[in-house]
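Consider the two complexes below, in which chain A is the common component and chain B and chain C are the respective partners.
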Partner chain A sequence: MTTLIDRRMGIFLAGLFVLTVAIPVGNLAFEGKVVPSYIVSLLGKYLCYALLAVALDLVWGFCGILSLGHGAFFALGGYAMGMHLMREIGDRGVYANPNLPDFMVFLSWDELPWFWMGFGNFWFASLMVMLVPGALAFLFGWFAFRSRVTGVYLSIITQAMTYALQLAFFRNEMGFGGNNGLTDFKDVLGFPLQSDSTRAGLFVLTAVALAAGLLIARAITTSKLGMILVCIRDAESRTRFLGYRVEGFKLFIFVVSAMMAGVAGALYTPQVGIINPGEFSPANSIEVVIWVALGGRGTLVGAALGAILVALAKTLFTGWFPEFWLFALGGLFILVTLFLPTGVLGLIEGVAGSRGRRARRASAALEDGVTEEGAKA
Partner chain B sequence: MTVQLLLDGVSRSFDGYKAINDLSLAVDKGELRAVIGPNGAGKTTMMDIITGKTRPDTGGVWWNQTVDLTRIDEAGSARLGIGRKFQKPTVFETHSVQENIALSLKAGRSVFATLFHRRTEAEAARITELLRLVRLEGDRHRPAADLSHGQKQWLEIGMLLAQDPELLLVDEPAAGMTDAETMRTAELLRSLAGKHTVIVVEHDMEFVRALDCRVTVLHQGHVLTEGSLDHVSANPEVIEVYLGR
Partner chain C sequence: MSFLRACLMALLLPLLAAPALAQTASFEDLVAALPEGSYSARGAVVGDIALTGDPRAEAILTALLDGTLGVIAATGQVVTLAPAPADALTGAPVAEAGVAEAKVEKIRVNNGLRRDIRAALGILTLSDPDPAKRLAAADAAFRAPDAAQYALLDAAFQREQDAAVKSRLAEARAVAILDGDFPDAEKRAAIDVIARRGDADAQRILTPFAASPDPDIAEAASAALASIERSRMLWGYAQNIWYGLSLGSVLLLAAIGLAITFGVMGVINMAHGELVMLGAYTTYAVQETIRQNAPGLFDWSLLIAAPLAFVVAGAVGVAIERGIVRHLYGRALETLLATWGVSLILQQAVRSIFGPNNREVGNPSWMSGSFDVGQMTVTWNRLWILLFALAVFAVLLFVMKRTPVGLQMRAVTQNRPMAASMGIRTNWVDALTFGLGAGIAGLAGVALSQIDNVSPNLGQTYIVDSFMVVVFGGAGNIWGTLAGAFSLGIVNKFLEPYAGAVLAKIIVLVAIILFIQKRPRGLFAVKGRAVEG
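And then the complex of A and B:
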């Protein structure tokens, strides 16, 4: 049996733990002189992307569902949290209306739309962060998987889904702030969002969420269900003839993944300070696919690593040559596809040498020997 | 003898081409049956109809005389106890050999049953037993992709047995096997009959002879004749459409 925390997962979680301690301490203990405050939020944003990449890797890397619309689930989670943060503003908005967010006052609305009800409660909003993306994924997956839509057709309709949502959220009548989205947040659970300690807290929370997401994903993919997901990816029809209802498995993993993406979005909004329809843009979702491919598809840790690496490169590159970033990203994707089929993680592990690999194989054989003896007894 | 599988006047056409044309076939419980026929005789379509992959235009398909197989999908047919082995060996390439067997074992097939599944000792023992039977015990940890064509055939047979189906639909099991392996496959299938119902689609006449069972000859989606191999080989129509070529 495979272990929950294998070597690569162990190393990644250890690195993440060091970062989780070092960054807030470096920021708070030295009043921003060692680690500037903006770095904390920036890294926090990277970790949100990493969680989103893990979510996509679950469906694409393991089950072969190439979703080009995962940004939609991320954005919905972000909006759900953003709605709570808007309600938290209360009468501190520009129009000082205690009952309505600024943009609604601006549109001369008299009362809060029904779908904003309950978002004043943090726990309700937190629930919606997972339920709304989960429900959309369920509805979408229910129809798509039952009709056996697969491959490029499925990818195209996921793309259409996020594009349709983008157009819808652009409209002021939708009641989500239109073009400008939701912003001007003041605090969350009473902690001011501008303060360094709140930012550090959000960073730690994001790191914890990423670790939890990785472990949940790992637990799922090492279970028998995870094995069946790979069967579906590699030989869908064969899996059906073994008696597995493929659509049920796809639906399950799609919904879990969407919820994970929603959590990533919810952590993203307070750290970035804004959520707008741009997050639904198809290009965003495609970028997530690039992160996963670059890091190493079907490895979970690789996906997280890929997201962080590309986001870091983007930050640096857009600082140096802003107009060339998209070319660099496209070039990177082509290079990885051509020369690194197993991604950056595969490259690292290949360089790490065969000694560790041999030792692992020996221990795996030993473990199975033990279970076999147990079976004979 | 009770009838395990009954096809009653089944027809199915694709874009006007009649792949199956008024096909009637009854296979008894525990029987070993060989189905032969030239290319395009409708053998694969017949299997697709039995396993719920393809729906017939007209006619009935009955399981144990009570269950209507035309209303059931692939997973449903597998759950009823119909196991299928494909002509081209289809195994899960990235999984290890033993994992391929483990995933085929009779056990809960639902999402949550598999999510919380823990391998029991009985299952581990059964896996080892099956691996021994198909002579892949030494390869159990290798990815199935590494196996030779013949070994993949054996692995798929192992997967079929792991399901412990009532009916085995076996499509050209001997393709890619050596003569000795072919004979061993025939022996295995003969030993399964009785406890299981077995339908074998085959081209290789030596193999069919070794099966030593009732033979159904298909031609243009219709049963041409049925009987012992010697009986059907003597049939002038059969000689004309198939054996004589």
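And then the complex of A and C:
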């Protein structure tokens, strides 16, 4: 159990590797394009979602922090990368202003706001992709965990956080393009974003990031630190009484998770070609939770799998019968919570070991009881 | 039209002749002077015509404004041209043939002159039989100070019977006094009259006099300005508080059902907003039925819709509790996810049935319009919603504290096994409590349909806000919800003038996030054993 790459992780990484090789080769190597270009970007998007799901699983599955605001960290990472891509446009925008992005010219601003400084540099922007979500998570978590806001209260204020950010980013005065967000990107590090080879490159990069994210998360959760996180999840007060500084551990995992979400967002922006305040919407963040729940919380690989499955279903459903997508998604939320407490992965693996499943359910019941509900159980 | 009016005036002339006689001569001279001279000189003539108060003045000035006043070049006779040529003063027809031969020239007007004519017409309206028109005329005179109008305004003031119009006329007259050459005492009295009005117009008019060379006037004007400033500030606060109460009542309605399901039962119901939406759509359906079958009942539509909305939303609520929430007690986070799923399904169901667009829900007559309190405006629908919210709150409080059902609900909340041992059917009470919270959400929907767009997304716009209210007020305390809703509403409205609507909302959200750090269980936290469970 404590090996870094256990069976399910091995299978998933192998599958991911095959995909990483097959898709770009299928897209680039053959004349007739065995794999159409839009599929490459689409799959790349799914992998970004998968990384975001892994980030959430890290905090929710292993530490019991149900964040309904992880979309905010994702979007912040996306905006940081988007700002760099905007700077790369240079004077090729509609207004051909070499110093200002189009929307600032449109708002008749004279100079670049201070917080846009440095984003012309790719490496600075890449640093910000992790630092900005990390800093927000640190600030937020420091306040929240120190005063022992837990359970549903924490979930609700994380939701308020992403909602507040959404409102803020909608404002033109904020200097992030308002309602329209950042778009019309041309290239990244000199590679044109529209070309197939750049898309394939981004896809491979996303797959590598996902694999790295999975391994990092796995390394953390199988370490001693990971054991303490699970302790906190299952019995927070008891862990505290044993002498551990619970808020420190929570803060650490929350910040790591936020940074991971930021990276996912940064990879998402160039592949989708736009980042706008809609990414902050509370509904998006809740959807991430269902990815994790569907795949199986606390399994990492399951979370990634769940994200890909739901995103794939969304693409197919909205194409075939758009009317029914929300019915399907809503039904999924209900069915998974009622009948699949361990997710798809748990279902597959749990057929043999029903004992482990029961144990997990018991643990889920314990951690979720925001203790005042204990009287009800 | 203007000809008809001219004829009418001509007919009425004998009746009104007496007061007009004294100035008849000069009136005719003035009219004769209309075609000649510079535009500005003729502007003065127009003003003088109005000041004579002659009953024919209106028709002539209107004709001049419309460009249908002409002059026969040979004789200098002023004639109205539409619909048929006639003498402007007597209304006697002028032969068509004669007009053609004699070469009638239209009297030219430019924009400056048109402005003068309109001002003059405004003065004339002071003697209109309709009090509303007289009021408007008095206001117009107030806004455009002119000492020359003093005599006319004074005369109008003396004969005015309507109290409201009379006080406005007094203000208009005061403005004219300030503008003209009157003794200081009268001017100071005039400043007092204007200051009592206390609004932005009064402030604008008095501001120049604060710098008057006459120290007495300057002092009086400064004092008056200060008092206006004070009263405007107070009224501004009053208006903000009213807006805040109004927003608070909306928040209260949206959150109070949540206060029961979340606050009392500890169940996070993310579908709460959709239950509100169901209430709004019930109102829409009731109104449509009434429109098609019994339009006369339209004013009653909300009273019919309210109980129906309660039943519809309540039934859906009971179904949610029996079907889903029941299996998830003690697992708050999973309840949150499952009810979110319900909310998606309800949204899509409504979208499929009623379509994605906003639906039109009308205001009954007793909820439309507004009235003024001093310098603030109160719309009837906001007032009714405030009263409705308070009534719902009172009824809910009564149910919870004074009825056997409420007693059982509280017993089950406080200690489930004990309550069960005492013979309370806890399952039944759970379903009933959840249904009550859901039904109140439906009632909220009826009220919100009056002030918000009825669309499938209606619920989404309120869900975050209502959670904030409950969390801020303190879960498990209905009074806390009341305090939370009104304080958030008022704070929001007081921030808006400084920060703008969106930023105000962001500030409030951030403030709540910080507040929860300090008091993790809200403003009015439940204390004692229930907290730790």
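Following the convention adopted for this analysis, the second predicted complex is superposed on the first by the 346 of 377 C-alpha atoms of A that agree within 3 Å, B and C clash if a C-alpha of one lies under 4 Å from a C-alpha of the other, contacts with A are read in each partner's own complex, and residues count from 1 in each chain.
Simple rule for what comes next: contacts are C-beta pairs under 8 Å (C-beta built on N, C-alpha and C of every residue); 3 or more make two chains touch, one makes a residue touch a chain.
Computed from a predicted model, the values in this text were never measured in an experiment.
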Inset, instruction - With the two complexes superposed on chain A, say which partner A:F327 touches: chain B (first), chain C (second), both, or neither. - result: second
Inset, instruction - Tell me which partner A:N121 touches in the superposition: chain B (first), chain C (second), both or neither. - result: neither
Inset, instruction - Would you sort A:A160 into first (chain B), second (chain C), both or neither based on which partner it touches? - result: second
Inset, instruction - Could you say whether A:A283 touches chain B, chain C, both of them, or neither, answering first, second, both or neither? - result: second
Inset, instruction - Identify the partner contact of A:L338: answer first if only chain B is touched, second if only chain C is, both if each is, neither if none is. - result: second
Inset, instruction - Give one of first, second, both or neither to describe whether A:F241 is in contact with chain B, with chain C, with both, or with none. - result: first
Legend entry - Contact breadth on chain A, by residue count: chain C or chain B: C
Legend entry - Contact residues of chain A, present in both the chain B and the chain C interface: 364-365, 368, 371-372, 374-376
Legend entry - Residues of chain C that touch chain A when the two form their complex: 266, 268, 270, 324, 327-338, 340-345, 347-349, 351-352, 415-417, 460, 464, 467-468, 471, 502-503, 505-506, 509-510, 512-514, 516-518, 520-521, 530-533
Inset, instruction - Spell out the part of chain A that touches chain C in their complex, as residue ranges. - result: 66, 140, 143-144, 146-149, 151-153, 155-157, 159-161, 163-164, 167-168, 170-171, 282-283, 286, 289-290, 293, 323-327, 329-334, 336-338, 341, 364-365, 368-377
Legend entry - Contacting residues of chain A [partner chain B, same complex]: 1, 220, 223-225, 227-228, 230-231, 234-235, 237-238, 240-246, 248-249, 252, 364-365, 368, 371-372, 374-376
Inset, instruction - Please name which positions on chain B make contact with chain A in the complex. - result: 51, 53, 73-75, 77-79, 83-84, 86, 90-95, 99, 102-104, 109-111, 114-117, 119, 121-122, 124-125, 128, 140-141, 159, 163
